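Below are structures written as structure tokens.
Shared chain: subunit A. Partners: subunit B in the first complex, subunit C in the second.
Let's turn to the complex of A and B:
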């Protein structure tokens, strides 16, 4: 029967629409639970493995563990890290390669974590900061070793 | 009953005491024009804010909550942004039509405002074919949309405008038939008489089944006519970027945006006049005590309450239903709404002739 099917379609359609309206109407009148985060006021607790940017670990004596071996620079897939080395003179009079500046291009970094895995001395790690927006791209080029810092004793 | 007739007469006598007949008329026209424009501006701000809050609550969000108390100044900030933006005209566009289209859409919205009765005695033009005038003039807005789409020199705009044309022309039919159903009962096209006829009860209740069917069809049809989701094929953000107003920016875009919300207000005003009694308070038959209590609430409050209820329903549609495809849209009109509303018109005629309504 065509006409019966037609009427059934109409009423079925209206019913399914009303079910949907009942759902959204319920949400409208029961405004308690909010599924969105109130971001700048309430910040989310980030998971431990969240990667925000590469930082170099410094201790309280302003010493880091980077020997300037450039393993991270070689491991980086898109040339985010540029290490400038210098030669220190040891007390025995020998020349020894050491870190001068650790240049980190945040704007190129994909947070792939390969540099941290490549580091033999555990000098760098991933930090959880993520609010990196700046008005000038040049501000994203960071020097990770703090001024005046030097290599920790006993790290080769 | 509360009425603004006194205020109207006071203004009229004060003006005609000091001015001639013609200049009184001109000054009164000016006052009315300013009132309408400021009503439009306030409506634009309020309705956009309401839309954003309603959508947020329905999607379990908070909505705008930064500018002003609970985000209440958000739309003011948005308007300021639109005012200072550059109004671009694309290369190869038909400059005259491109600039004229948003104004045409606004002019049409203002024209439909003329016969709407806000409360007893507060009506710009009580012409004897009010409902016919509204249906006739509201069809002009499609020309504005087509003009915008054509003049933009952009395929997206043209496609959006064409779809909008097909959609509005189709849905005018069932909206018109739904309006006719009520006209059968009121036996008049004059807005003030339609309102007066609902003294003993609103047509939605007095004329039971045909009126309820007509009301549902009317709400669906006007949602489509105002190009709102789920019938927003003219805009179709996912396919046509923004449809007919893709190329518009700055104040011209703001006019289209304002016209959309003003049109929603107007169709809801028509709907509440026809089905929910306009400014008439909620009366039940001859319960004079109950009716008397209801009369204490001014008519303008009733009218705006009804309009905002209908606007809320239309917003509820938008934030609940998925969008239709163009073929589904035309199927819905030509295979479902139009036959049902024609049958409903017959039913209403039978009910009216046999006197089966209250």
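Let's turn to the complex of A and C:
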């Protein structure tokens, strides 16, 4: 009986290998089911929610919605955002707190989306860019408000 | 530890596997004492990817600390976040909207399938089959695309927040999940053809790395490692959370306790997760996806513990609160650490080649072990 079992095992083994090789062979001749992408040539369209980096929304008049309330700075777990404020003088002659520079450290950011959730005015959003490699670390420190931009009217 | 190894008998060979070795799935360093090719002792040396997440979280608020748990067991980041959110909710005594609960379970189960897909491919590659890795990543890619669309990230989601989930699901989430379920059902047969029924694979797995139920319990193993020894240990069954009591699924058990049993438990778990997804995908209730919470969360003074079943086993979160803005102490019970402790017991007397197979079936994720 030992011999019979032995032969059965041998042929069973060979059969199991052939079944597996059959599957591999199927994909060898069915190129359409290959799913790899030719990345640098063909770029995938990323979904709207994809979190690549934080950007500030500016309209065509170069106005943003950031009041400099530092809610995002407090919500950030890694001290990625640093907000510098200044005092504007309103036409009535009163002092008003306003945004001076919105410093964003991309090298510290973990794309957790907590700053966007925290923002009361919807001034910042996540962008879909993902190719962030640069040759110098200092290039990753970004100022998000564009030069000459000011607060949109009606945003408190 | 070092002295013990120095006391090995003459003729023993001491080798280092890792920390830079592909089969250790990361920076695990194994100090293996061998007699010829037979393993006498395995000592895991940890600390290569220790980031002191627990200490770091003591300075973060209850909303902020959840993101760091995605970096622990990065293959089941949703489930880790879920455990933390549950613990904070327990402290706040928050009621979660039913829609958020269902979305959470759906995401958890999709993560579990994705994690097991990667484990399956990596295990096959560890024992010498290269092709299955690419087949597994094809299915995992579909789940990643679904996640990317609804959660905004592919690996470190940070989707579960105290009170629910961060975003509502995308309108075509249900369509894409249904497509995935139909696709996966046709492909799971291929997995069996290629790997499970393969004679070489079975010879590598059967009667290798045996652990008895008593030993598995005393080492603190959880998840598929414990269930492969025939002990019921699924947290989703023992202490159901967020509506797992309302879905029908089985807890796969195997009695053999060897590598093949662990393999079969995980393969069956994938099918069970798929059936949970099928049950819930058409029954997502309408309503809010997040409960209304205060802007600043403060837990009352006390101790809170919650546990969830990740793809690797039981994940526990223990928070000690002094009533402040940040936790006084946080402790994570990660499944990988306890499962790794049984590696020495499993691999004594086995051959060096089997060590890789045993490590593969333990499904180790090193950042989860070191934290």
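Some notes on this structure:
The rule is short, and it goes like this: the second predicted complex is superposed on the first by the 154 of 156 C-alpha atoms of A that agree within 3 Å, B and C clash if a C-alpha of one lies under 4 Å from a C-alpha of the other, contacts with A are read in each partner's own complex, and residues count from 1 in each chain.
What we mean here is this: a residue touches a chain if its C-beta (ideal position, glycine included) is under 8 Å from a C-beta of that chain, and two chains touch if they have at least 3 such contacts.
Since we're looking at a predicted model, the values are computed, not measured.
In the superposition on chain A, A:51 makes contact with subunit C only, while subunit B stays out of contact range.
In the superposed model, A:90 lies in contact with neither subunit B nor subunit C. Once the two complexes are overlaid on the shared chain, A:25 sits against subunit B while remaining clear of subunit C. Once the two complexes are laid over each other on the shared chain, residue contacts for A:75 go to subunit C alone; subunit B is not touched. Set side by side, subunit B and subunit C differ in how many residues of subunit A they touch, and the one touching more is C.
By the touch criterion stated above, A:38 is placed in contact with subunit B alone, subunit C being left untouched.
Contact with both subunit B and subunit C is seen for A:17 once the two complexes are overlaid on the shared chain. In the superposed model, A:112 makes contact with subunit C only, not with subunit B.
Annotation: subunit A residues 17, 20, 23-24, 35 touch subunit B in one complex and subunit C in the other.
Residue ranges of subunit A in contact with subunit C, taken from their complex: 12-13, 16-17, 19-20, 22-24, 35, 46-47, 49-51, 75-77, 110-114, 117, 126. Here subunit B touches subunit A in the complex through residues 54, 57-62, 316-317, 319-321, 336, 340, going by the rule given at the top.
Remark: subunit A residues 10, 17, 20-21, 23-25, 27-28, 31, 33-36, 38 touch subunit B in the complex.
Residue ranges of subunit C in contact with subunit A, taken from their complex: 60, 63-65, 67-68, 131, 138, 141, 148-153, 156, 158, 161, 166-167, 170, 190, 193-195, 197-200.
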